[in-house]
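Presented sequentially are two complexes of subunit A, the first with subunit B as partner and the second with subunit C.
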Partner chain A sequence: MNIRPATFALIVFFAAILAFFCIFAPRFATPSTFENLMAGFSFVAILAIGQSFPILTRGIDLSIGAIVAVVGMVTFDLSLIFHLPGYIILPIALLVGTLAGAINGLLIVYLRLQPFIATLATLATYRGLVYAISGRQLVPGLSTTPISDKWITGLENYYDVGGWLGLSKLIGMPWFPLSFFVMLGLFALFQIILLGTRFGRDVHTVGGNFEAARLAGINTGRIIIAAYAISGFCAGVAALLLVARLTTSTEALGFGMELTAIAAAVIGGVSLAGGVGSVFGPALGAFFLGVVLLGLTQMGISQYVQQIITGAILLAAVGYDRLLVLRRQRRVTANISQVAADG
Partner chain B sequence: MTEDNKLPATDRRDFLKTIMLGSAALGGAATGLMGKINVATGDIGVSQARAADARVKMAFVQFAPHTVSTAWSAGIAEVLATQQIVDYQALDGQGKLEVQVSLMDQLISDGTQVIFLQPVDSVGVAPSIAKAKRAGISVITLNIDATEPHAAHVEMNHYFGAMDIAKAMGDAMGGKGEVAILNAPPGIIIRDQRTNGFVDGLKMHHPDIKVVADQVADWDRKKAQDVLTTILAANPNLGGVYGVNDSMAMGAMDVAKEKGLKLVIFGNDGEKAALEAIEAGDMTGTQYTDVFQQGRLAAAVATVIATGMVPAGAFGAQGHLLMPYVIATKDTVGSIQPSQRW
Partner chain C sequence: MADTPIIKAIGLTKVYGNLPALSDANLTVMPGEVRALIGSNGAGKSTLIKILTGAVSPTLGRVQLNGETAPLGDPSEMIRRGVACIYQHSNLAPAMSVLDNMFLGRQRAYRFGLLDRRRQRKEALALLEKHAIDLDLDATVANLPTVKQKEVEIMKALALDARAILMDEPTGWLAASEVAKLHATIRALKGRGVGIVYISHMLDEIFAVCDTMTIMRDGKVIAESAVADIDRPRVVALMVGEKLARESAQATHQKRQPRGTGEVRLSAKNLTKRGVFRDISFDLHAGEIFCITGLIGSKRTELIRTFFGSDRFDSGTLEVEGKSVAFRGPTQAIAHGIGFVPEDRHREGLMLDMSMTENLAMATLNRFHRAGLISLRKMVEAGKRSIANLSIQPPDGKRPVRLLSGGNQQKVLVGKWLNLGPRIIILDEPTVGVDVGAKAEIYAILRAERDRGAAVLVVSSDLEEVMTVADRIGVMAAGRLKAVHDADKTGMDEIVREIGGDA
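Now for the complex of A and B:
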């Protein structure tokens, strides 16, 4: 597998920024920092992995924050109002997330809406739906009742991997949160799908050149719907992990998370022009943002400055992406003129 | 003395060297041995160098920057600065539960000793508080309590204050009419306290006043304007509005001004802008609490805990402190001094 320049640049930059904080932030190079990083940003990585599918098809999914809230509230209601057991709630919750994503795809394909408009509309609709179905408002008293179902709260668990491997005797090792392994699992699954299956190639083709994909006989509609469904599914997984961490769900859960996920995907080298990118980059991009935020907080940098720095990083990533796109176009143009000259 | 007088001139250099070494040793002893501050017994062998090691970290995780939390932070910082040994920082929860939880995680691993917390959600922060307690960190909540018991909770007198608001509001309305409540989103205990206190107060003092609407306006002035406009369309005879915080009450005031309505408007908190609106006659009243003082009291509790080296596990039950308050109306608002306005 060829490592694309954008991915390579990200890995180098990630390592550099990690080294920087380990040296300059007073307590950064400690196991607990890395535990916090994994616990606090694995769900962002999962959202970013999901987000990369719509972006790969040259779309965007603005509704994932709202889907997180819908899935969270469905989980809340099923557990605290209907008292269903967790092993039934979990698949229902994931199904709801996937469906909510698929609806985005259906709107885009069958109503021919711009992805931006379609998902902006569902963002508002889903968020409104959360208030309508909110068990916190429907049943007084539930807003201060935690979810205690073991199947759900069990998702917030930590493993002493270092101890099992005997590494803890050598260096201080963080305990790994379950959410990190869930993220790794999803990453492996979707990376294999993207690189190793026909569906994965089709996603790239549809995003790279929609017309060519259609003419080549690819069922573009199905690919697009599937891409948004995957995004919704990932939002569902992230929601379950969040609910487990918080032992409750709120109407505002996931607010603004779509922007973080999009930022992580773009920093991870998924081109907004479509057709270029993997899910490795977005996952790493999410942790990159995490390292920057944790590191700057530990250095006592004001959170307003942190937002400016995050914005600057995003701007740099988009600029770099744009540069690569232009270079690609120039190469294609050069090739064509070469062919024309030869002919 | 006689020995010294006998010193030959050639030994002078050695003598100077000894003096230098001696003073260096003394200096070392001062920083190394005498400099330690024993916070348990209060013995202080002050030395700047050692004091740096004995510093105590405290942090305030806000809901989001707001007039109230900013004033708390000012009060907290004022007291902690006098203690000389405390490093204090205020952090922005961005109104998001997951941000607060992540900040709590960071503070816990950062060796912070006391965390002041204004939770976004009373249940959602409970696992973080439990985690802090396991690490021996004391958590002091401000205004919004959490379902997980912790060191102490310092709050405005929400329930009884709201009862008094209901009484004052009913008096201003002549004991009858319709009122609307502009409320906070559910999930926060003070929403219930401030609402229940108001409703119970009306029942007790003014049973003829009816609550015709109770809608969520997200603590926000702009949102309150929109929500009240909708409420007014359905209830044109509305006589009064109770905003669960001043921002929402001032949103109601904006609507009343714009439409030229005579509404009895009460808020809750007592921020500077609300007090000025009361003086100007645009707002009827509010429950005023000296929020600087609330911050100072929380910081005092924190300092005692930290310097007494009381770990989070030592608390048998959660401490609870209610702030005194004034129902500020046109008649009473003058008694609130400029230095108490926030």
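Now for the complex of A and C:
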């Protein structure tokens, strides 16, 4: 498997920006920074991994922030109102996320809606649903009660990997949050699915040339619905990790996260033109954004400027994607003339 | 076994809205038979093919594959039963590898859908060897030249172990040597008992490679014949109907007017664009049709795009009516009275969902202004005049361009520019994908423009077209203008020699 130029560029940029902040940002090269990075951006990486699937099919999923909130509130209600045990809540919560994603897919396939429009509509709908089912509003006093179920709070846990491996004696090592390992697990799972299974190839085909996929007998509807269901599932996982961290949920949980996830996916080289990309890039893209934001914070640069810089990075990534698409087209033209000259 | 047809379509009928696209069509293909399917645009060929690939389900009729009645309207079912199709437009996923594309939608897999890449590769290599085709399985399709991409499509069909292969204009973008290679592949397939349906506008190809032909017109099958039992004029007559055939025959005996009135409208001197074309010098006169021909990739399109300002040249001079110009965009070229009809009418020329009237008026909107608003009434009237002048069918200005046949779409596109009354009109492959009847009409329009005194510059790969319509012929090869001839003093064989030449 050869590394695509976009992926390679990202790895180089990532290393460069990391080196930059380690040198220029005070107190950046410390274990606690990396702990923050992993704890604060693993769930963004998970959202970005999920987001890759709709984008690969040449769609987009704007509703994931709202799905995070729905799943968070369902968890809140089941735990604090219905007092269900965590081992029942967790699968239900993931199922709710997956279903919410699948509904996006169904709308796109059966009502033939544009993905942008369909998920913009469900973004509003799901966000409204959160208020409707909010245990904070329905049951007085619950808003200050923390979730204490061990199954849920257990998701917020840290492991002294460096200590076990004996590396801590040599250099200061951060403790690794569980969310980081969850992210690694999902990354491995979806990378194998994308590159090594028929479903993964079909996702690429549907995004790369929809008509060819249809005429090759691929069940395009099923592929698209599955792509959005995976996106919803990942939003569900991210929601559980967030709820575990906060020991509660709010109506605003996950607000605006869809944009961060889309940014991470595009920075990670998933082409908005469809059919190009994997989940490695988006995962790395999320941490790239994380390094930039944490680094700028530690350099004392204001939140607003940070947003401008994030936007600029996104523009650069989209521009680079566009450049690659153009270059691909130009190469085809060049090849044609080469053949004509040879002939 | 040999007596069971691979494909037997019986009484296929397809009605869109209340327009019958196909009525009561029969088609039979025996093992080892290459059957040509020919007809004008809108004759129902595409609909018939779409039914056979399962992309469309017919309103009436049935299809037997190897003697069994097949369920219709399901692409995967038709593929499973061994019907493959090579489409006119690419049906590959450009960002994926050749290997992935060969097994598109049918990846060999273990349990849980895990890919069996080793088996895929083995099967692919065996196929490549069997058909003596050289392809890098790991190359990304987008990086391959067009001819190679076509080979990938053929391998994709062969990987199905298809009993029947439908080929819709398979040579549309191939150079002559590649066409010969494709035909060799077809003969090899035929020898192995594969049945082939071959759709093409190129009668040469049909007489070269096909055994039998089915001729369609207006959604009906109007004749079937062995290729050996029929001659070209008869085929053309059947395709377009007797009257049009007579007219197009007359059209070829037109008088040539090299250098027209003698007035130079456009003059190129040593025009060069680095790495693309160089040292192009010629004059285009008022009242003549100048055709530039050559192979695909000989940079004809790139050259004329600089005339219209949509590309720049690096050095040399371009004069329009005696004044040196370097257009920075089409707007300036239009202001100098230049009209440009691009090759890809869908992508660059027409607004498919807008009406004929709107498309016709697009380049001349400012004529219909009244107090800053567009006068719809004036626009509709102008549209009516154009539609009548160009005899666009059906003459309904409100109809979206998408619903017109290829030939009529092309007339709309040409008409849009003629409304400007251009002094120079440039056309890139004006009759690609246009049927014989509409071709003759477009030629008549071009001649009328010439006789009006316009300078007409046509880029065309279709030699028959060049010999029919040109007053003078320029031959380009590998970015250079190799020769310019008066059309009445040269012949097809000389031009062919120069096109192939030492390029």
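In this section, the second predicted complex is superposed on the first by the 332 of 343 C-alpha atoms of A that agree within 3 Å, B and C clash if a C-alpha of one lies under 4 Å from a C-alpha of the other, contacts with A are read in each partner's own complex, and residues count from 1 in each chain.
Operating definition for what follows: a residue touches a chain if its C-beta (ideal position, glycine included) is under 8 Å from a C-beta of that chain, and two chains touch if they have at least 3 such contacts.
All values derive from a computational prediction rather than experimental measurement.
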Which of subunit B and subunit C A:201 touches, first, second, both or neither: second
First (subunit B), second (subunit C), both or neither touched by A:276: second
Which of subunit B and subunit C A:157 touches, first, second, both or neither: neither
Which of subunit B and subunit C A:148 touches, first, second, both or neither: neither
Which of subunit B and subunit C A:27 touches, first, second, both or neither: first
Which of subunit B and subunit C A:214 touches, first, second, both or neither: second
Touching partner for A:303 - first (subunit B), second (subunit C), both, neither: first
Contacts of A:253 with subunit B and subunit C, given as first, second, both or neither: first
Set of subunit A residues, in rising order, touched by both subunit B and subunit C: none
Footprint of subunit C on subunit A - complex, ascending: 196-199, 201-202, 204-205, 208-209, 211-219, 271, 275-276, 328-329, 331-332, 335-341, 343
Residue ranges of subunit A in contact with subunit B within the complex: 27, 30, 32-33, 35-36, 39-40, 134, 136-137, 143-146, 156, 242, 245-248, 250-253, 255-256, 294, 297-298, 300, 303
For the subunit C and subunit A complex, residues of the former touching the latter: 53, 55, 74-77, 79-80, 85, 87, 90-96, 100, 104-107, 109, 112-115, 142-147, 175-178, 295-299, 478, 503
Contact footprint of subunit A on subunit B as seen in their complex: 89, 91-92, 94-98, 101-103, 105-106, 108-111, 120-124, 126-127, 147, 185-189
